[in-house]
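Think of it as A, B, C and D in the order they're written, each chain with its own count starting at 1.
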Amino acid sequence: MAAEVLVFNLLSGIAIVSAAAMIMMRNPVHSAIALVITFVNVAAVFIMLRAEFLAVVQIIVYTGAILVLILFVLMLVNPDELPDFHGARPMQQIFGFGLGIILLAEIAVAILTRTVVAEPGPWTEDGMAAVGGNVQAIGQVLYSGYVLPIQATALVLLAATIGALFLGRPDEDEEPTPSRRTVATISLAHTRGSDQDEIPALSSANIKHEAGDRDLIMARDADEFTSTPEDDQKGQQE
Amino acid sequence: MNELMPEHFMFLSAALFIIGMVGVLTRRNVLVIFMCVELMLTAVNISFIGFAWEFSQLTGQIFALFIIAIAAAEAVIGLGIIMALTRQRDTVDIDEVRELRQ
Amino acid sequence: MSSWLFLIPLLPLAAAVINFLFGRWFLQHASQWIATLAVAASFVLSIPVFLQIASDEQSISQHLYTWIPAGDFNIPVTLFVDQLTATMLLVVSGVGLLVHIYSIGYMHGDPGIYRFFSYLPLFVFSMLMLVLADNFLVLFVFWEAVGLCSFLLIGFWYRRRSAASAAKKAFIVNRVGDFGFGIGILLIFVTYGTIEYAGVFGQVGDATQTTITVIALLLFTGAIGKSAQLPLFVWLPDAMEGPTPVSALIHAATMVTAGIFVIARAYPIVSQSADAMLVIAIIGAATAFIAATIAVTQYDIKKVVAYSTVSQLGFMAFALGSGAWIAAIFHLVTHAFFKGLLFLGAGSVIHGMHEEQDMRKMGGLKKYMPLTYWTFLIGAAANAGIIPLAGFWSKDEIILGTWLGDQPIIMVVAFITAFFTSLYMFRAVFMTFHGEERFDAEQVHPHESPRVMTIPLVVLAFFAVTVGFIGFPPEDGWFHHFLDPVFPGMPHPDVAWSTIVLFAAISTVIALSGLYIQYMAYVKRSISPRGISELLGPLYKLAANRWYLDEIYDVLIVRPLVAFSMFLWRFVDAQVIDGTVNGVGSLVTYTSNQWRRAQTGLIANYVFAIALGAVIIIGAFMIFGSNLFE
Amino acid sequence: MDANLLSSYIFAVVVLNVLLGLMAYMTYLERKLMAAMQDRVGPNRTGPVGLLQPIADGIKLLVKEDIIPKHADRRIFLLAPLLSFVLAPVAAAVIPFGDSITVFGHEVNLYVADINVAALYFLAIGSMGVYGIILGGYASANRYSLLGGLRSAAQVISYEIILGLSLVGVFILSGSLSLVEIVNQQSETLHLGPLQLPNWFILSQPLAFVIFLIAAVAETNRAPFDLPEAETELIGGFHTEYSGFRFSFFFLAEYISMIVISLFGATIFLGGTDGPIRDGVWWLALKAFIFLFFYIWLRTTVPRFRYDQLMGLAWKVLLPLVLINILLTGFIRLWGLGML
């Protein structure tokens, strides 16, 4: 089945190239798009490996949710703040690539020299077809042998949701201040109240008498539009 | 190689994993590092699914499923942290975040 | 029938939990009704159980759940009722019910009443479970639980320093006995490989004679603590700091008899060891005698009754030791009624005298509280062994048992003790109720207690009179036949009627002589107690000072312990341990300061370290090989 | 290359072209219907009753100038509309248009592919569709476009969860993710005494159907959930900077999405090709048309939501409802299997 190998090589070639592009791109949005391409190709590889369900899940979760969220965050970040790829740490990059090459060599040797031996299981293509397909097969195995891990995963997801809500809540570093006093004015044009810096917070001492006895001021000129605290005191003395 | 062999997907997995690792090591943008981590997780998934395919087992696929679920949780938390970070420090440069040094 | 056996202990537990959780805020005085009804229900439920046991002589058991399923080591929680347990069930729940009713009057108005009425049913629950247990571990758990309840109830008025320290004393002294008891149970498990009654008792003979003796003595150690035998009885008189109903229920009728119950329950083991039985008999006799001599010299009415309790427990113990098993249990039952009666009567006196306990400040109370007087008199007479009251039958039988068991010395001691019993009992009666009124009539207005308190007195008095007849005729009564299956293989010596009558006559003479002496001393005033005490001189002082046992313990145990603790604190803790801990701390601080430099704060460096580690490990794997991939 | 594969390819081409043609006349239909509802005439000059209007529009868009903003991220700017346009009809591949028919001696299946995970595949393609919008908004280097893109991303992710979960009830009842299988199950007939009912899932899952309808509207960014392109606040949203045929790609993608999701909803809930007489693709078309009519009707009737209302509706109202629906369905299913 040379065709199969051909298709596989094509898909994995695209995946690897776009993954490499992902880490080489300067613009993180381009990186994200490269990663989308990688993921879609990986999903196709999954289909070749008889994992249709996981392929779809891969697309829905990784490309449809996680990467969209990453893009989302990327766009919220000011592009000017993005650090350079070719930053001030050349040593770091040399070491990074060096390590990558060594590790690749090691794993290549491992893959080529070692073989994995294991008992083949029952889930061949026919085996899966017998229960109705990949989804049904996964469902049977998952909900018979992995009930507890499923529950644990649900808890992890719940905890993550709560954690995200906690992390994403608005800043609360501002002390809740007592509500500012608003100056009741009838404005024709410019209110003096808005020009004043800040009107002191209403204290409990003067809140009571102010609540009821403030009348509507019919303004004749601009100075009368606003009643200031001094005015209030005057009014009380009278 | 005229047939699809385990070596195929193992090389794919290794290559993607190492590319992700190199990305984590060399990039400074937290978001890109984040994407690289996702890539590494996917690389591991390829291994799992590949072995599941080779031995006609489903255990590998189920592990991959769990990895995807956990990756989703990780992404949510990670992005939440990044959001908090940008709000507080106005940066996504990982080298500027070094409070732990104290 | 056996299907709702579990309700008997469960109901008091439920009442205790409800009162404890909701008592303070919601129930308050309503808690007393919950507790009383629950105990009443378990009493009512106990009756058919008893009747069934009595009719078909089959033991009942109900498996509740498996507490510890660990391989071969299974501890089931199973309720087990045989004749002995059925008797105890009736006694515990019956006396418990009466004490609950009495407490409604006695504790009226106490702010902690909900607490009282959650501890008391909790005690009833624990005691019921203790007697219902079918293995030694469950027995031990509830053995400790009744100790805990005793602690809580003695220290019920915990703001009173003496109550708090009495509670602690009771708890700590009991620990000594419990320690031995625990080791005994471990030894049983090691020896027999099981701790279930049936399994252990079925293979008693497999162990060596020494082992059996050691096990029996260790079990008796527990009984020494719990049943206040020499030398650990010092806690019981102090325990009178608790409310009087508690003294009646726990420290007279039920908990202190747990030790006797356990020895009786372990009959198959104990009866195999003549040495152990001899030790039990000697300790019991000594306890009975010493406590009786102390009781004669006490002035606190509750202390008199308390020492009387210790003395009577000594009676039961040496009855067990002498082989008079059924007599011991018989005495346990009768004692529960008349001693409960005496305590409640004493409580009624104290209540009527406005918390006055000193008999020197009483006298002539007969006309103020007639009901209390008559019932107290009945209880005292029963305790002293006046024919035909309950105490007479059981005590006479014990003395007879010592003779039958070839323990003539103990028999003599028993007779002397019986004489002292009569002395202190009637001394208490006459000092309290007869003679001139020595209290301050301006301050104190004695009055009869409310009906809720006197009714239990009357009921108990009725039983104190009649319950002895279940053991009539002596050695051949209904009770003997009832309990016979519990003690298989117990010898049944034929006793001639003449012997029985002779012993009864001697007992009666002794009891009546005590009565007569006290009548002359405190009513007719023809004998001066003071003169006698001066005549006896050092002997009297010895008894009045409780044989200096507390002082001896203080010198021998408490002070060295305190000194050792000071040493541990000042030197071992403050210098050795703290020095080590601080040294470790500073070492860690120093090394951490050195290592801190590795913390660059650059995540890239950390990731690099991880990746480098992975590369090195995989490389090592590839070079040196492993069998993982082959 | 076996014959089956070949026939699938041919059928795919047919479907694609039909979809494109339908799309063109969808715009005409919408304008006509809206005009009728708003008491206007609508397009009526080009051709008889304006029938050639879509073609004229197409030509107009193709010949218009293609403007690329100066600061735009060129590559992504060019990629985004293509992505939208390509992905929109791909989802139609799994929709069964009927049983197999015999053409020239070959048996031809009236669907492109019957894959085992068809419904999930549909959702996956739908979730990919958001890239076109978000990337288009980003690449335009325009704050309004960016905001439109972000809104779209949040909205589509949120409503995709609702959309997916609303289908779970159907999956539980049918026990399959394959659309062919789901349609087959719906073609059975229920006998309730004298009453004969089709086994359509709208009858057993009415709540899920309503939620699906709402989520579908939001998923396709249509009124009243067309926040990404809210003209009044975002001057057009993500496609502000697009013009000419690039704009038309977005435009086409939206209408194709509408048609495809209508077909999908008709397949899942309304029995697909099942009908009272003479099963066939015409029933599917009729049902999809009902959906499409509903879309247009909604657009002319309901004002646009505010953004927080939109998200609140998804997370606080629909999500709990849909979870309750799943729970109930699960219990009923267990009960039906005698496991409860």
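Worth pointing out:
Here is the rule we use: a residue touches a chain if its C-beta (ideal position, glycine included) is under 8 Å from a C-beta of that chain, and two chains touch if they have at least 3 such contacts.
These numbers were taken from a predicted model, which means no experiment stands behind them.
Listed by label, the chains touching chain A and chain D alike form an empty list. For chain B, the chain with the farthest CA centroid is C.
Of all chain pairs, the one joined by the greatest number of contacting C-beta pairs is A-B. Chain centres here are Cα means. That of chain A falls 68 Å from that of chain C. Our note on geometry: chain A versus chain B, Cα centroid distance of 16 Å, whole angstroms. One finds 32 Å separating the Cα centroids of chain B and chain D. Chain C and chain D have Cα centroids lying 82 Å from one another. In chain B, the residues that reach two or more other chains under the touch definition are 21, 25, 28, 95.
Within chain D, no positions touching two or more other chains are listed. Along chain A, residues 53, 57, 65, 69, 76, 89, 92, 95-96, 99, 103, 107, 116 each make contact with two or more other chains. Viewed as a network of touching protein chains, the structure does not reduce to a path, ring, star or complete graph. On the chain A side of its complex with chain D, the touching residues are 27, 29-30, 33, 36, 52-53, 55-57, 59-60, 63-65, 68-69, 71-72, 75-76, 132-135. Taken in their complex, chain A has these residues touching chain B: 1-2, 4-5, 8-9, 12, 15-16, 19-20, 22-23, 28, 31-32, 35, 38-39, 42, 45-46, 48-51, 53-54, 57-58, 61-62, 65-67, 69-70, 73-74, 76-78, 81-85, 87, 89, 92-93, 95-97, 99-100, 103-104, 107-108, 111-112, 116, 118-124, 127, 137-138, 141-142, 146, 149, 153, 156-157, 159-161, 163-164, 166-168, 171.
Chain D contributes residues 73, 75-76, 79, 115-117, 120-121, 123-124, 126-128, 130-131, 134-135, 138, 146, 149-150, 153-154, 156-157, 160, 164, 176-178 to its touches with chain A in the complex. Within the complex, the chain C residues that touch chain A are 604, 608, 611-612, 614-615, 618-619, 621-622, 629-630. The part of chain B that touches chain A in the complex is made up of residues 1-4, 6-12, 14-16, 18-23, 25-29, 31-32, 34-36, 38-39, 42, 45-46, 49-59, 61-62, 64-66, 68-77, 79-84, 86-87, 90-93, 95.
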